[in-house]
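The two complexes that follow have chain A in common; it is paired with chain B in the first and with chain C in the second.
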Partner chain A sequence: MEEHKTHISSYGNHLFVLLCLITLTTITVAITSVQLGAFNTTAAMIIASTKAAIVLLYFMHLKFDEKIFRFMVTLVLAIYVVVIVITFFDYLYR
Partner chain B sequence: MSGTTTTQRMPSYLEYKGRFKGLAGWLLSTDHKRIALLYLYSQITFFLAGVVMGIFMKIELMAPGQQIMGPATYNALFTVHGLTMIFLFIIPGLAASFGNFFLPIMIGAKDVAFPKLNLFSWYLFMGGAIIVLIGIFTGDGPPDTGWTFYAPYSLKTNTNVVLTVFGAFVLGFSSVLTGLNFIVTIHQMRAPGMGFFRMPLFIWAMYGTSWIQLLATPVVGITFIMVIFDRVMGIGFFDPAKGGDPILFQHLFWIYSHPAVYIMILPAMGAITEIITTFSNRVVFGYKAIAMSSLAIAFVGYLVWGHHMFTSGMSDTARLVFSLLTFLVAIPSAIKVFNWSATMYKGSIDLQPPFWWAMAFLFVFMIGGLTGLVLGSVATDVHVHDTMFVVAHFHYIVFGGAGLAFFAALHYWFPKMWGKMYNKKVANIGLLILFIGFNTLYFPMFILGIMGMPRRYYDYLPEFATPNLISTVGSWILALGLIIVIVNLLRAKKAPPEIIDNPWNGRTLEWKIQSPPTLENFEEIPVIDHGPYDLIKE
Partner chain C sequence: MEHNATTLSTHEHYDPVGAKLGMWLFIFTEMLLFGALFIVYSVYRYRHPVEFHLANQELNVTIGFINTVILLISSATVAMSITAMQKGNKKLTMIFLLITLLLAVVFLINKYFEWGAKIHHGIYPGSEFLLSLSHGDILFFGLYFFMTGLHAIHIIVGMVILIWVFVRVKQGRVNINRYALLENGGLYWHLVDLIWIFLFPLFYLIH
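Presenting the complex of A and B:
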């Protein structure tokens, strides 16, 4: 079997990701005081998804790993989206 | 192929003396075969406990009125029967026991990718089981919600729901980790030359199953935690009075629990494929179609959960969508059945006990599958929802499908696992009695359901008496068959070992090594240069 390639992220990179996550968390909290109606939930979901993507890509090394893993994660997310969409066939039309 | 000689016999995994001896040699072993047997023995114990509970329920339903228990005891009994059979026997099912034992061997590996994690998964399984048992016997008594824990009743009942649900949550972790382990094993540890399309079809089935375990189980895990939060902290996820939605519970529960049916049935189908191919003495018909149908079942099966909820109050649009998707899942299932039939066609069929078990599976699985169409169609489902029809369909699929396949696999691989052969005549007699008992027990339930008898009641109207009596007698016949089958296997297990490396003329890798296998399965990792079912002269 071929040798596994490893990628070591720099401290600067980790620090940048940490700052991004803290900033986005601050925005999540701050945005609750702004009246956006139904879009409050949308905004919270977008921020949470961005944070999850950063964690997956950098902390969990998806960005530097083989394509097959990115494919698997994308597939999982696609199934998740399909499940949510089907569930909303109930909630939107009930 | 090289490296699969069996001329020189080595100590088997049963005889191997490792760091620990006696019981510790089993409880601390990371050998996938020993872990498989730990699962097998635990599962069969739970199964027999579930059978005893089932028989008591049938005695209660033998005649109208109260026989041996009151309504509260009956409610608790069907809940615990369901919990035991579903979470402790059939969800781990063939995957945990036969999957653990044969997956590495059939891909030419020495073990799974993460052996310690594998042992830890068994401990989680037993830990979860013990928590469930504590939940049943302590506090305010066993839960009476049914194994589905439907909200809002599961939030309101005074019985011991929290602990039992937590036990099921822990069991889920075991399932997730086993799935993860198998996916990595299949991707990383196949023998040189074994491409994905040279894997035996049992492995394809295990691959689909593992993905479902990995992706669906966390959903029910978090749902159970939400129930605990609702009960302990009064958050109100599922409580309409607090802005929650009880139908959300059903969505979340069935997002896992319908794919869980495929966690049960996919490995069963994989084992049946192996058995039919071996005893037909033919190359399997439609290899790629069967392999792809396993993945299709895993994927489409993920999207059909709503057919459990047609009468729950969800929207008409959702009911239509789920009904359509449900009918779609019949396609890959039918692909398998047609390919099995085509494999047998003009085969040189060897009528051995595992083959008879596989035929029994096919017969009852077809009845289970076709009655599933009645439930998959909204128009007919509303009439038989929550009646005995559903109980009959469910048992035809889960016991008749996964359960019979479990015993088929046990009879097929028994000589490989223990290096001994059971009495084939007694095995056939046991199966025949069990098969008659099975149909006598469950078929009347279809009729009762269509007559309108609801499920989950300890009593019924006098017009339902005759089919219920027949059904109860069927449970005794089934139990007799089961006793014969199990005693026959236990007697064989105690018999002196024989040299039977390949009693069925099997062509997959497990039949090329000695029985029972050695600790590392292969003295030399085999190099694969042909399909799994090709007839190769050794």
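Presenting the complex of A and C:
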């Protein structure tokens, strides 16, 4: 049987990813505590998406797994974005 | 090669990539379930900006922040339990799983106090006080209780899955040669974390 090499993430690597995530969380709380109007929402969403991407790539191992998983996740997220865009076109231009 | 048939029958079918594919398909349904709720939230927020803005400030950012950090740490410990398994350290795998379960319990205790404070102030779905408020407030708190409640149910389900994985690891049925169950249980736990990453800013932070 042909065994492909499994990638083992080190403990240090996981710890570093965790520190990045906690730092990003602290940054969002700091940014949104200042009143910046619409920019608050944008900043919070950009940071949340970055955190989600880090969790998907490193904790959920998409970066190291077979390419098919990354492809599937991207496809599902793309469909979701299309649904959001269509919904808001409806509400904004109704 | 006549003995092939017998060797095959003694070997259980094991296909980690296939198992992971199935897990991801299930995770997609969960993502879209919460995704639809996020769209509902955004639309109502767009239609009731003032009420959402004011109701938002009722929520305790500190508890939200602490719970976010707890879930992030628990996600890291699950990831580390897989690393421990891949290195063949069964004991460390079990310790990391136990830490994860402990953090999940702490998360739920925080949630209990957070919801308890709201309910104490008369804010819960269908309460007299809430119904006396504006339409936007009712929608905000309705979504708050529904979405964080649904997320809490996922935490409980995740705990049940991780306990099951823990028992399998202890029995040695999940081991260095076949740990797809541990990986897939971990994926579910990361999903719960992933959902919270969006719930936290939407409900607690954005003013």
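Just a few scattered comments:
In the analysis below, the second predicted complex is superposed on the first by the 88 of 94 C-alpha atoms of A that agree within 3 Å, B and C clash if a C-alpha of one lies under 4 Å from a C-alpha of the other, contacts with A are read in each partner's own complex, and residues count from 1 in each chain.
The working rule: a residue touches a chain if its C-beta (ideal position, glycine included) is under 8 Å from a C-beta of that chain, and two chains touch if they have at least 3 such contacts.
Nothing here was measured: the structure is a model prediction, and the numbers come from that model.
In the superposed pair of complexes, A:H14 makes contact with chain C only, with no contact to chain B. Touched residues of chain A, counted separately for chain B and chain C, are more numerous for C. When the shared chain is aligned, chain B and chain C each come close enough to touch A:V76. After overlaying the two complexes on the shared chain, residue contacts for A:I22 are found with chain C alone; chain B is out of touch. Of the two partner chains placed by the overlay, only chain C lies in contact with A:E66; chain B stays clear of it.
Looking at the shared chain after the overlay, A:T87 reaches both chain B and chain C.
By the document's definition of touching, of the two partners only chain C reaches A:M45; chain B does not. On chain A, the surface patch touched by chain B in one complex and by chain C in the other comprises residues 76, 83, 87, 91. Put simply, chain B touches chain A in their complex at residues 188, 215, 247, 251, 255, 299, 302-303, 306, 313-318, 321-322, 325.
Note for the complex: chain C touches chain A at residues 17, 20-21, 24, 28, 31-32, 35, 39, 42-43, 46-47, 61, 65, 68-69, 72-73, 75-76, 78-80, 83, 86-87, 183, 186-187, 190, 193-194, 197-198, 200-202, 205-207. In the complex of the two chains, the chain A residues touching chain B come out as 1, 76, 79, 82-83, 86-87, 89-94. On the side of chain A, the complex with chain C involves touching residues 6, 8-11, 14-15, 17-18, 21-22, 25, 28-29, 32-33, 35, 40-41, 44-45, 47-48, 51-52, 55-56, 58-61, 65-66, 68-69, 72-73, 76, 80, 83-84, 87-88, 91.
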